[in-house]
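As written, the chain order gives the labels A, B, C and D, with residue 1 at the start of each chain.
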């Protein structure tokens, strides 16, 4: 079985989660629409790291006993170390836009809305931005409207910023000091040039940029076995499509 | 069976609760140490008035599902219409002191503390002050320290003040406009003079002050029957002492 | 508390009311939303607690809504909410964008009876820039500069929720969805549809009491079997993904949406919902 | 989560810690208080949530406490708390008087991760006058003058609670005493004694989940049968009024209190509590 793009990205995300230079990720929250980040988190868990996962839309055994407020309270308390965010638009300063394009509140394309991003992005020590679609439409020079800002003035209470932006083409690191992304690795078939052509914002890149490594055989075995087992209930369509497995009825 | 003082006071309290000139009492909260107010509330209920009673320390079927915070939230929402407060000291401006005497925080006599009074007294449309002991030690010219103020400046958000002060000797009405009590009725055996002698604060009194009426036969029958039935679990000692009944083991 | 009919409950909601609806995973009364459409409700303002889902799209499509305050409107796996998007584009509804914890916080302020409550984050978001009712102050407890947002208390006129069961006293069991308790405490009126009635008083049962909304807050109960459908109800029944996908496909056009309404909402008028 | 011994739990509480204790009707860990006395804890600061009862008087009498922040200290029907009163009079403890909703509010601020939260009332009370850490501001949402109190977030070092049961994951069931959940969320460490352990994960059970404090917040569990005694534990066992009355009588004097400690606290060192 060949390596699926989702598996590669999940493994890349898992390595970012475990990045020893970043603050520790003891408790990660994962939203409903995020099967690849969820797979990455489970991969970290199944590799033996003692991370607590709170899957927000898990129906049986939902981790919250105070309803949907509890995630935000937990994050306010500083107990959520890492969260994933996406965006209808993401720009070169790591601003994210989940509202829409055109004039407020989305006279061009209307996205669903900001969810908790305006809070989570500032209150979580680490955010990994994730968006499979990597195109000039999504990765823009400047977002039309800001759901949550990539950086904040020093006076504003903020626990952290984006650590990285992972797409279907590459991995970017974010550097909050200069509010810019730097290309860290390109997925197979991509190059600095192809990434530049597909990206609406300017970014830094070294002379040579490595390729995003393949998942190891051990990682693949975990993803296709125990990780998939954990995800079948919450993400049945994803598991069927990527791992070719269906939840027993 | 002769009328017990507790029965007379409970009936007097019930009449105050039903006072048509006061804001309606649809929901009354009653604390643990208040069997006579609780009896008054049950009497109102058993007379057929549709009042909701929240007995704070009821063990089975405690009305609160958010723990002890819920009473204060309910009151903040404006859903508690009437509450009872007592005081180690109560003064002529209806200030109450549950902290102690002497210097802060009670170098003379130390009382238990203010409980929720500093909030409840301002946030409840009606408070009935109740203290069986009527002596110059309790009813003072000026409290040594204020747990909760009797009146507030106009700019301070306040929903109500004391409606009345009921003691073992008499019923006082409170007049927030002039921050003074007026003697409304004296219990049998008392007079304006005997009340003045037992009261540390000055108060208004008409030339003739009526006697606090006896409970009616119907009121006595309710108190000794269905009211006592309701109170046996929460106030066993009170029911044994006043009504001569014991909770079936 | 004697249950009323679903139609009587819908009739009690005045046009123009601010109606709070939990999202698809948190016990919205979809049955009441359908009944509001059948009664021809107009000018409703909807509040997503804290986001909006199927019932909101349905009410918007049926023309019952003038304004939506929410942190997002989505049909989950079935994608964007088509009638919400169309109405926004055509200028038929006003949209007040918020962010999830801000909505929780505004309800908590109302629950507590305070005029405002602070919340971290938000500064630098264009949501804040478009909310003149949200204020930034300097944190009075900070030594240095520390701007923080204050959010005003928000008290919905009506909370439209679907509980698992109601008892004879009118207590409604919503399990671990405790944000519904905050919503109930904050709202002027709670209208609860429930799957079923149970005898007695759940507050007398230590195991059931923690998942209850006390009858203190509940104005009316109506029994509506499968009243959350097509969304899930805790462990009672699952999200009907096929139906919501069918809805999403039909509701792409005004005509398709009308056909959906005829088939699944208006046709229920005679039938017991 | 593997339970630890009660004595190991007590050993993990450092001298000087701010220890939050619920009152007698709300699941305090009296067992942990006794174990803290046995280990000779010193300089503890106690927080009543929102008032204080038997365990607080016991800890004060045993000399473990330097400060109490609370809205009241009482033994209920058994009257005033004798060792609290004696220590206050002798200047051996500092007392920071509060009022019940203020303590809930300060914990809610910590639960929410905000530096402060407002509360109505309080203005004109000498409690406010003696709390320089509480601030009065002008309500920024009011048109006219409207002073309102802001209370700072309060995060206890340790919450000492007694739950009915703990499961294999470390979730602790406290039923309708939901203020304990707020306390747990607000505290740096939750040390929970429980009556018993149960298999599995209570969060998987819709009926039990609403009464749970999630293991996310729980640092350690110790099994302590009748660990709330002599106070009540929900519907498990009632308040032992005779014992508390006996305590109140003995604790009127220092000598009587010492005899009580010898008989009911120190003698348990060898026995399994």
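By our rule, contacts are C-beta pairs under 8 Å (C-beta built on N, C-alpha and C of every residue); 3 or more make two chains touch, one makes a residue touch a chain.
Predicted, not measured: the structure shown is a model, and the values here were computed from it.
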For chain B and chain D, chains touching each: C
A-C or A-D, whichever has more C-beta pairs in contact: A-C
Chain separated most widely from chain A, comparing mean CA positions: B
Cα-centroid distance, chain C relative to chain D, in whole angstrom: 36
Centroid distance [mean C-alpha coordinates] between chain B and chain A, Å: 59
Centre-to-centre distance between chain C and chain A (centres being mean Cα positions), rounded to whole Å: 29
Whole-Å gap between the CA centroids of chain A and chain D: 40
Interface hub residues of chain C, defined as touching at least two other chains: 108, 112-114, 119-120, 146, 148, 176, 178, 181, 203, 209-211, 235
Residues of chain A touching at least two other chains: 60, 62, 64-66, 76, 123
Touching pairs - complete list by chain label: A-C, A-D, B-C, B-D, C-D
Complex interface listing, chain B residues touching chain C: 27, 52, 54, 60-66, 73-79, 123
Residues of chain C touching chain B in the complex: 110-114, 181, 185-186, 201, 203-204, 209-214, 216
Contact footprint of chain C on chain D as seen in their complex: 105, 108, 112-120, 135, 137, 139-142, 146, 148, 150, 152, 175-176, 178, 203, 206-211, 234-235
Residues of chain C that touch chain A when the two form their complex: 23, 25-26, 50-51, 70-74, 76-77, 80-81, 84-85, 88-89, 95, 97-102, 104, 108, 119-128, 130, 144-148, 176-182, 232, 235, 238
Residues of chain B defined as touching chain D within the complex: 32-33, 57, 59-60, 62, 64-69, 72, 76, 98-99, 104-107, 110-123, 145-149, 152, 155-157, 237
